[in-house]
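Consider the two complexes below, in which chain A is the common component and chain B and chain C are the respective partners.
Up next is the complex of A and B:
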């Protein structure tokens, strides 16, 4: 990251390290504190939502400075909906999902501020709203793997190589039902393997991960996520490492499952095709911020932010005449010391004078469509 | 599996042949001469030894011909004796080499075994805490302490412990293996052994923890950053289960296999430590044999270690097959 451009003097490095240590110590102490449940109980803004992310800031305190990987992200995931989060590499999609799961690598990665409100359903059927960002890590088991499950990008390395599939699946059952017998756990695991369309589940149950193909492993990962009957599944690029035919199968599977488990899916991907096919709502992220969000129709038929428009143009299509693929010129800005103007300014063809001013606010264009761009400021004023 | 072991054992025979050849030729090229030393000792006593007797002695010990062919002949006669499980007779002690080895190996083995057990028991938990609390005060403290341990030379540190614990404080005897002035039996004798072996073992343990701890820490860190640990956490497992089950089971793979590789070092004796504490271990004896040109003993001792090394490597490979399901031995 900007090794040649931004040399830091020894003095600056020490100043950064000192400042980082102070903040990290405070955040780590907060993370490991003991807290009463009332401290992180909260209310949903809209009871139709299952997850509300509100002005989330997730920072990495590195030796070069603070990387604001997620810098004020807000979006909602409604009940029984699929929300696609799109954006290029390094825009903060995965860090957002890791923040929701509280899986950030400490002490460098920390949720700095913001709220992640989650509507949890207890076993008793009672609904409780937790602010995940304020939860101490010792209480995280109330939601992690239990209410929210996650499917990762790399099926090849996401399973523990020294335990059989069965051992790893049974574990999930035991977490949520410690009284279950071995036979019950096995029965449930086999049922889950059946659910994700694995032929010969008995055999896969006794296999080690290295004996399965990538597609099979991703199915196992999905069955693992399902074994706990989650209310929300976060799928972090679930098909990126798989070849195209398997991709389609896995996506079909996810779509089927959504109706079966009656939950929501947060689908993170850089593939707009997948989003168009799967999602009900789309959130477009750029350099740690949400720049546009709306329903799938709005984003695909009426994209407003120059970046969203550029993204769609850079999608390969079969029936275009051009030989070359469109690309957005330039690079994502250095995430350390972000400027206080639109982060897309340097790459934007439609820049106006106003763009040098402060970062654009979210503008509401329709009840569900929001965009953060100065181009639409005037339209707002005229109305 | 059986076929694999058999194949490896057949290969081992050739490896051992090569090793024996190299050791024998190196020894014969060493600038020590057992016969000359012996004659010098006799001469100092005032007696004179005739040229004829000297030559006869060289012939008797098989050291008469120092040409290439002569050395080759010596090697094959040693090899011929080995084929009948005869390691030869030690020049210095005048008894079969095998007897000398077994007489002194026990004490070295006891020290090495106890030290290794403590080394693993202390180093592994230290390595795991250092890894799970990376860059914390605890990590730095453990790392600095074990680094001091690695950096200290054993002759210096052993001497220091001896000075403080034995000479100044008088808690433990300074050297030797048994109290020569008392005649203990049974449990008292055992306690006496323990008191004598305490400082040597302490020295070895402190000096060897470092490497093992660093190895555990590195492995553990690598495992802790892997995707499957993230999966285990995402499943909702407690941090304790994640570390003690999912991470430790993977860290165990290199640790267990390195354990098998330790086999020869259990029997080889700690040369310097045994010197410092004047213990009649095999290391001490081997050094002495080296200085005095006791060819049959050096050959026997080194071949014994070579055999253990070959078995140790084979065991390590077999261990891989057991602890890592990805490894199939064919």
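Up next is the complex of A and C:
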């Protein structure tokens, strides 16, 4: 019988650990270094964008080998736009957002290479472009929670159970504005709670997280994210833990807020329905790579990558009447030791000879529509 | 078997499963002497009939009692009151020894495939056990039978010697399905079988369930919070809210003509994967009230956009509005 790939010998594990330790040590040292601001100041490629992710590689150095969770991801978030990132679990969509926030669990999780350019606005009003990927961790507070805020998936676990909502909300104000008085902080917190549509903000201000329902907690999380007037909100599956009717409330709130705060939203979800409703631009990810990106119309009316097409067909909708669902055969590949060829090859029905070759490049189909598939290699647009 | 079989009134010989006024309460507060002072009514007065070969979809939000209903049908929870009639027998008061025979005919598939398989048994062991216990085939044919079953469920034969941790979520759910079907059941309760899975895997499992239903003439009770999935697989649909069934009917009736305001709101709340559809969304205000302390009158009145004074006082009657389409709402007259 062939050697079982699922098991490694002790010798192999030690070799991997030694190799990993070397890389991790270098990256950790870089992360904790002291650096001058000029080291990580850059220029935006397009001044209309608020965030540009360029060939980002985020790896996890595990004992079984290197997991390339994000493997060369590039996309932009324009100002005042909602960008939806879609994909199945394990495709790297959350790790991308964690990389932007620099919240990766070290020393295993590291940004290996790539650039994340963010257009920050200082208090004085001038705009500065930071490369988040190169920033040392001690300077990250200039951006994290301040210019970029995040709404997490689990409202049940992301609030601290031993402090009242008020204490947790005030803390945001105190951190980003140390001169504020207690009264000012409270006023600001209550204003924020009002903004997210909480009926009795005074009462919620004094209550503990366990006294609130899931939908209310998610509203509190959103108000916390808004407390520092961020330019970009990253919403990582904001409604997955909620019921449909509550989900509708929260989505309605997010749409409303985007116009109010004049910022951008990066919406991460696996639900294509939410993307269709909320997003202006869509990025579809598969196994750590972007396989297709474009405007919401392009992705839903003219999907090109076989995976995007399959994903849309395999979701039952209320308006369709068919007997069997289309299904994509097989499973997502093992993230360790990814093949060189297209990751979707084993599950794809339209494979050609070329697919066994190199990983397909991003091909531009229209000014905004990109796809990574050999089917569209030459003679673009004539599929 | 029970000898003093009670005569069942108004028995419908076509129905494989009939639930009459089922009620399940859980005690939440007791005095020192064990007297129950406060109860949580998880399932309140639910009735329906299901014919052989049909699929009943039960939808509702979390905490509406859909899982408790599924478990009460299997008698994994003893119902507080009401009747469960399965294949013409009233099984409500069966003792556990009598239930063993019935369990062969009714099985359950759980939501989380990661925690519902024993980690220390091989797939072969997991699937052989129910077959041997219930003596479905002679002992020397068990392996052959199990391999045949695995093939039906889309599992390769060399998985027989493997352990559950070696499989992905979709494969595990296939093992769970194979285990439930190993005793040739008539009725299978699927308790959110696809909600823990990814979209592309979800489609595989739903198609498998549909194929197996045709091949083995199964009856499903399909519990889910995802309306699109329920619409795809069901013939009949029951909508639950805070423990009671607010609407019940055939799929066509429910989707083309939802009667209850909650059903209407639920349908309009689902995001559609098409940017052109701009739905006239009904957004419900507020949260679901606590089931331990449900509102008086109609339970939905706190969130209902059309609530009237009568809704706050009187519990609406659950009535048939033609063609088996039932609903409980004052607005329907």
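The rule is simple: the second predicted complex is superposed on the first by the 371 of 383 C-alpha atoms of A that agree within 3 Å, B and C clash if a C-alpha of one lies under 4 Å from a C-alpha of the other, contacts with A are read in each partner's own complex, and residues count from 1 in each chain.
One rule holds for everything that comes next: contacts are C-beta pairs under 8 Å (C-beta built on N, C-alpha and C of every residue); 3 or more make two chains touch, one makes a residue touch a chain.
Please read these numbers as outputs of a predicted model, since none were measured by experiment.
Undergrad: Just from the overlay, do chain B and chain C fit on chain A, or is there a clash?
TA: fit
Undergrad: Identify the partner contact of A:79: answer first if only chain B is touched, second if only chain C is, both if each is, neither if none is.
TA: neither
Undergrad: Decide which partner touches more residues of chain A, taking chain B and chain C as the two options.
TA: Higher number of touched chain A residues: C.
Undergrad: Just checking: does A:245 make contact with chain B only, chain C only, both, or neither of them? Give me first, second, both or neither.
TA: second
Undergrad: Who does A:162 touch here: chain B (first), chain C (second), both, or neither?
TA: In the superposed model, A:162 contacts chain B only, not chain C.
Undergrad: Kindly classify A:228 by the partners it touches after superposition: chain B alone (first), chain C alone (second), both, or neither?
TA: first
Undergrad: Report for A:310: first if it touches chain B alone, second if chain C alone, otherwise both or neither.
TA: It touches chain C, and chain B stays clear.
Undergrad: On the A-aligned overlay, A:354 touches which partner chain: chain B = first, chain C = second, or both, or neither?
TA: It touches nothing on chain B or chain C.
Undergrad: Could you tell me if A:128 is touching chain B, chain C, both of them or neither one (first, second, both, neither)?
TA: Neither partner.
Undergrad: With the two structures laid over each other on chain A, which partner does A:186 touch: chain B (first), chain C (second), both, or neither?
TA: Touch partners of A:186: none, neither chain B nor chain C.
Undergrad: In the superposition described above, what is the shortest C-alpha distance between chain B and chain C in Å? Please give a whole number.
TA: 11
Undergrad: Quick one: in the complex, what on chain A touches chain B?
TA: Chain A residues touching chain B: 101, 103, 105, 107, 137, 141, 144-146, 149-150, 152, 154, 157-163, 171-172, 175-176, 208, 210, 221, 224, 228.
Undergrad: Which of the residues in chain C come into contact with chain A in the complex?
TA: Listed in rising order, the residues are 61-62, 166, 168, 170-171, 198-204, 206-207, 210, 225, 227-229, 231-232, 255, 265-275, 277, 281, 283-285, 287-288, 303.
Undergrad: In the complex of these two chains, what residues of chain A are touching chain C?
TA: 6, 88-89, 213, 215-216, 243-249, 251-252, 270-277, 296-297, 300-301, 310-312, 314-319, 323-329, 331-332
Undergrad: For the complex, give me every residue of chain B touching chain A.
TA: 135, 225-228, 230-239, 246, 249-250, 253, 323-326
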